[in-house]
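For clarity, chains are labelled A, B and C in written order, and residue numbers in each chain start from 1.
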Amino acid sequence: MSATRPPTPRWGRFVVEVLRGQAQVDLLPSALTGLVFSIALCAAGWQYGAYGLLGAAVGTGTARLLGVDRGRVAAGLEGFNSCLVGVACAVFLHADHLSTLLVAVAASAAVTVVTAAAARLLGTWELPTFTLPFCLTATALTVAAPGFQHVWHLSDAPAALPGTASGPTALGFTDLWHAFFANFGEIFLMPQWYAGLIFLVGIFLADRRMGALACAGSAVGILTSWALGAPADQVRQGLMGYDAVLVAMALGGVFLVTDAWSVGYAMVGAITATVLSPALGALFAPSGGHALTWPFVLVSLVFLAAVPAFPRLRRATG
Amino acid sequence: MSATRPPTPRWGRFVVEVLRGQAQVDLLPSALTGLVFSIALCAAGWQYGAYGLLGAAVGTGTARLLGVDRGRVAAGLEGFNSCLVGVACAVFLHADHLSTLLVAVAASAAVTVVTAAAARLLGTWELPTFTLPFCLTATALTVAAPGFQHVWHLSDAPAALPGTASGPTALGFTDLWHAFFANFGEIFLMPQWYAGLIFLVGIFLADRRMGALACAGSAVGILTSWALGAPADQVRQGLMGYDAVLVAMALGGVFLVTDAWSVGYAMVGAITATVLSPALGALFAPSGGHALTWPFVLVSLVFLAAVPAFPRLRRATG
Amino acid sequence: MSATRPPTPRWGRFVVEVLRGQAQVDLLPSALTGLVFSIALCAAGWQYGAYGLLGAAVGTGTARLLGVDRGRVAAGLEGFNSCLVGVACAVFLHADHLSTLLVAVAASAAVTVVTAAAARLLGTWELPTFTLPFCLTATALTVAAPGFQHVWHLSDAPAALPGTASGPTALGFTDLWHAFFANFGEIFLMPQWYAGLIFLVGIFLADRRMGALACAGSAVGILTSWALGAPADQVRQGLMGYDAVLVAMALGGVFLVTDAWSVGYAMVGAITATVLSPALGALFAPSGGHALTWPFVLVSLVFLAAVPAFPRLRRATG
């Protein structure tokens, strides 16, 4: 507070907060990592990079305007859900419509309210929100969108009854390494392995322990999918493993003290999240919704809420 | 309490409580307004008026029988959910079957228990129940009904996958003013503009500030629907705006101190509720359910739970 | 603790805990009853008996390993959800696949974490978990299963839009007594009346009051189904009444002091649970899920959470 170095200018602080918001999608409060994540999004498509920054900026700005606790804003905690909402709008409503841009701005602002509500309710049990505000907002948006003709520009509705898995399940070497990297990219809804690789670099730049946990989560997600017989196509695109990556980082490195027990617990969580992925997909499919990061959110909340019952696990203190 | 005027006779107090119960559907503790609401329901169909009164009476009576806090009963807080349950039975199960009458009585009694449970759980965060008990009970009923042959008298099931919006979206002058009034009527599931007009008169009789907020909510609902491209048909029947009316009153006039910030906040909530309307419709459609006032309940709970994080907003004290 | 009789050997204590776990499915902490329940499951098919024991053993063992409170483990409270998960795997994924066995073991272990989380959250309102952990885990599993080719061995997906009830609703004498006993068996997903009869014997062996309440619940479930016009086929298999049995025991005999008010309250709950049965079925059908004991869990939680508002009802103390 009373530092001797010259204070960061006001707009500079805002930029740092926005970049930290992007990094917080992977639970990391590092502006540098946020910058690398922007590059990763742009590698998949510049629009995604733009929507991600826009979302993080609108969310952070709205929180400032409404007077949210400065510490939360500074740590980027008011930008990561809105960042994902922005990217989700670009992906599900198509980035090149003006309507999508306007919806993304409005939804990114609204997510600030959802975040405050979720933080208050979950705070009763000392639980963080994870990406619950994003999941709630993006689910509402994607399910509502086909009901509005100025927002939905396709002729067919996305709702369908879930079927059984089909197609080959054997994973070749290319499938394996594509999947390994794509699991980092799908956290931001990007299926390209090279985007995932850049995301992983960003994670390692912030924290090597978190990078190692993310890699372990990705491997566990692939192994679980292979063992249970998920379609190779989905595994290769990272659709079966992104929740496992997030759970591994959240339980193994952020909210529990990292040790053999917590890492084991995190890996069980990663397996559970992988199984939940088609479950959430099937639950939302008849309404036209998507699994998003619901499996990560649900598994992390349940596994963290359970911790006080297990004396071998210790919560990390702020 | 120690008034000198002669005490109201016992049955008279009950009548007042039942009428207040009807008025509390719009968050107003006024017996006169409840009477006007009854007239509005009868204008749409005398059966609806009868089912509304029956529901409010059964709910209030059950609460008395079970010994619920007198203050709640006297304020009409034990009658508004059951009033809506009664009307919903008449609408979704058809008023002219004896089975519908019996189901309405049983469900109106059961809603007392749901209300007590919701009040206890939400009370942890000083949140009111809004019409959550109605939404839970009526959703359970409408979704269960086709499974019982003595309750469901149609040959086809209501379950369907949600499609995309279709039909014209341009709103003519007649659409606009019909929609403006119908938004007040659809709170009670009535699409007639003249019923809505009488409801609005009832609101103004109780509280002019609430009347103004209700009008603002209705206008915001129509504007949002038009901007996003909702089908004109739905807008005209009030299906897109009744949640916005309720949110505007709840946030702008009842649970927050009315000022520029809270009214702005309430209007953002009204927009959000309008967007949620097709979302909830799509979520329940595959099971045969309806959106009911779910958007109002969810938006109001989330926006009110978030308030402590925003120092510019102040909770109104009882 | 400092008893003079020789201490039970370690493995003996574990066996008792596992059997108590089975009995706790019906809210009874009796190892003898658990043994009778095993016989009942074997009467329906030896695999079901084996899966039930396996689930109870894995759940109890996992709780011990993770250091869960000894009192909970000793009372069998860490075995009943996992017991049901084991049986559900055998029923919905078919008992004779190796994959089913492995899934059952993994899911029974995972349910320990879900139990701890549910107990912590619901403990805020002094509410027990009932079979919520089973419902969450088994719903996730059954909905996810068709997405994994090594787990799902049928060619068609279970997801379907719910229809209207059809078929005769008149109940003959054989229907009635089959239904009466099957209601006890369907708690464990078994439709055979003779299995249900053995389950009932087990309940009476532990507690005659609970046996009487179970019988009353079964009768109320049948009466409600008949009055509302449920298909005779479903009633006879116990599909409409198992939740009523559980609610009657939970509210009438375990968590409230047994008196005229609480028994009446329990019977209203039993009626409600019977109505909820097709509702939950319709809510999960489009995703391929099942009602399981969701109606019992929801009704019991709501009715118990509501108790403090009703001074005529008294919570039983440990």
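Convention: a contact is a pair of C-beta atoms (placed from the backbone, for glycine too) under 8 Å apart; a residue touches a chain by one contact, two chains touch by 3 or more.
These figures come from a predicted structure and were not determined experimentally.
Enquirer: Pretend chain B isn't there and tell me which chains still hang together through touching.
Expert: Groups after removing chain B from the contact graph: one piece.
Enquirer: Give me the superposition rotation angle from chain A to chain C, based on Cα atoms, as a multiple of 5 degrees.
Expert: 120
Enquirer: Mind checking the centre-to-centre distance between chain A and chain B? Centres are C-alpha means, answer in whole Å.
Expert: 36
Enquirer: Where in chain A do residues touch two or more of the other chains?
Expert: 124, 161, 286
Enquirer: Touching chain C in the complex: which residues of chain A?
Expert: So the residues of chain A touching chain C come out as 124-125, 161-166, 169, 227-231, 268, 271-272, 275-279, 281-283, 285-286, 301-303, 305-312.
Enquirer: What does chain C use to touch chain A in their complex?
Expert: 66-69, 106, 109-110, 113-117, 119-121, 124, 139-141, 143-144, 146-152, 154-157, 159-161, 286-289
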